[in-house]
């Protein structure tokens, strides 16, 4: 999927989650809950957990997952340097095939820093 | 690649297959034939084979492949419950990185249930 | 990991699951439960679900997962033809890199058919 | 990401590389240099190295990487037969999940043969 | 590859790195240096960077890489809870195919806690 | 799977191929033939095709496949420099997770150069 920017991604994600929930059975719904639970503060702070989710998403080369975690990392106060170091580890672990995703990750990061899009 | 809906995917797939066939050598053409052969009825019925193709496509996170097999599963009479259970296995095996693909799979499934698009 | 045969795998798996359970937190334990739940009979019968788990494991090239599902498929009464057709779909979807795993899957299948190992 | 054609890809790639370079630290920049260095002529000629990059990109199913290397292969004088044989090896190694990428690779190849796009 | 325990892995790794260095050219050696550089303290502390390397290795299902980063995480003072939360994120992101690696990761972790092996 | 050396791999591969052929149906056997055909001389020479197979196997991180193609590359007269440049491209494309496989690839390469093992 292609998105114009991170804000369009955020909106499309919500719309499609409704499609999933209309069709999901119990196991799928329980997985959705677990997927929220593992990023909550524990021995590790929330920001670190989002960076863990970000690097995992990068090396698996999942743009939607990268957009999700870069958005959450922004909400939890990650700095540009922390994002850059996280993406650099993903680049070294996962190689040049992560580069297209790093391009889009930094584009999304700059969009988040630039603030909310103007109303349509 | 992004598609407006499953019907646009089906059309683009045919167009691009012609591009491949203009350029393909003998081995590539023989692979194309094999790719059809393994889904034909044998000890396992065709519908089950399409669900096997669907779960394999989901865990490998190939949207085009998912759209192909969800379309075939629909043609072979799979129910929404069977699709949901197949996708749930893929979700548990392949993890949250399959979620963006599950979103698009259910969207395509609903489009198939809604019927053919109006003529252009 | 290497195993002498499927029976050694089954034993090692139990031993290492105890190591996990000594260290696992709540989310990990809940995932373990979900991992059991999705293979239970629903709209699709248990045998079909194990074949879905088998093909997903093959294309992701996870020997331990293949051994697990080939064992379960055997317990649920799958025939050699059904196993072969499932592995053939995985081979076509996943390509020649699945071949080493197909070799070990059929070896495990023959070991299961030959029956339990003699006591040590 | 989706691109109208290989020419749009080439332009977007340059634009997004600037976004990366605005944010990249030293390690990321050094990786970028290494990524150029390994494709330079050595014991193997440049054309062969681009075909190695192409087949690696195909089996890892990275469209952006495929477009990059198919463009470079074109610049280094690869023939349609050499491209087809390279993609066929990728197809056999990586399986039917590479097919959507082979479709787009041949489409890009035909666009390159057709020459530069008309000015906007 | 299989290893009796984490200590055998550490030894084999050193032996095989010598084989690589006997054969490596300049680009390969420069990559080896970069691979060290990205885990050094920066905006993120070393321990966090090792956990990022660990989760990336887990979702990519690379046992040798997991053993390397779990060893480094131990040296940098990570707690069992921090390791468990990191592996839980990898499990949710990467799914049940990461389970065999989680089993071996916790086994290695317990071996590290138990201390150095007796001399041969 | 673990092997003592490349010679043990070559022997085990033949033994397990017999297990597959005892159980394989027509499609699987036809794939086996195609898997041989794509590496035969065409527009590209056999040695180049084996290097293409090697880099694809490396980035997909399949030890058995790497051993197969490194053996074939040796038979077709590849030099150490050509192997090193091929593995370097795989390392940059696929990242540090390919390192454990590069270690074993060079070990196998040195074993091939050292000649056939002594009789048992």
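As written, the chains take the letters A, B, C, D, E and F, and residue 1 is the first residue of each chain.
Basically, a contact is a pair of C-beta atoms (placed from the backbone, for glycine too) under 8 Å apart; a residue touches a chain by one contact, two chains touch by 3 or more.
Just so it is clear, the model here is predicted, and its values are computed rather than measured.
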{"item": "Co-neighbours of subunit E and subunit B - touch as defined", "value": "A, C, D, F"}
{"item": "More contacts between chains, D-F or E-F", "value": "D-F"}
{"item": "Distance between chain centroids, defined by C-alpha means - subunit D, subunit E (Å)", "value": "32"}
{"item": "Interchain centroid distance [CA atoms averaged], subunit A/subunit B, Å", "value": "26"}
{"item": "Distance between chain centroids, defined by C-alpha means - subunit A, subunit F (Å)", "value": "37"}
{"item": "Interchain centroid distance [CA atoms averaged], subunit A/subunit E, Å", "value": "24"}
{"item": "Where subunit D touches two or more other chains at once, by residue number", "value": "2, 25, 27, 31, 34-35, 38, 42, 57, 59-60, 63, 65, 81, 84-85, 88, 91-94, 96-97"}
{"item": "Chain-level touch network, classified as line, ring, star, complete or other", "value": "complete"}
{"item": "Touching residues (chain side subunit B, partner subunit D) in the complex", "value": "1-2, 13, 16-17, 19-20, 22-25, 27-28, 31, 35, 57, 60, 62-65"}
{"item": "Of all residues in subunit B, those that touch subunit E in their complex", "value": "59, 91-98"}
{"item": "Complex contact set, residues of subunit F against subunit E", "value": "2, 61, 63, 80-81, 83-85, 87-88, 91-92, 96-97, 99-100, 102-104, 106-107, 109-110"}
{"item": "Of subunit C, residues touching subunit A in the complex", "value": "25-27, 30-31, 34, 37-38, 42"}
{"item": "Complex contacts: residues of subunit B adjacent to subunit C", "value": "34-35, 38-39, 42-44, 48-49, 51-53, 55-60, 65, 79, 81-82, 84-86, 88-94"}
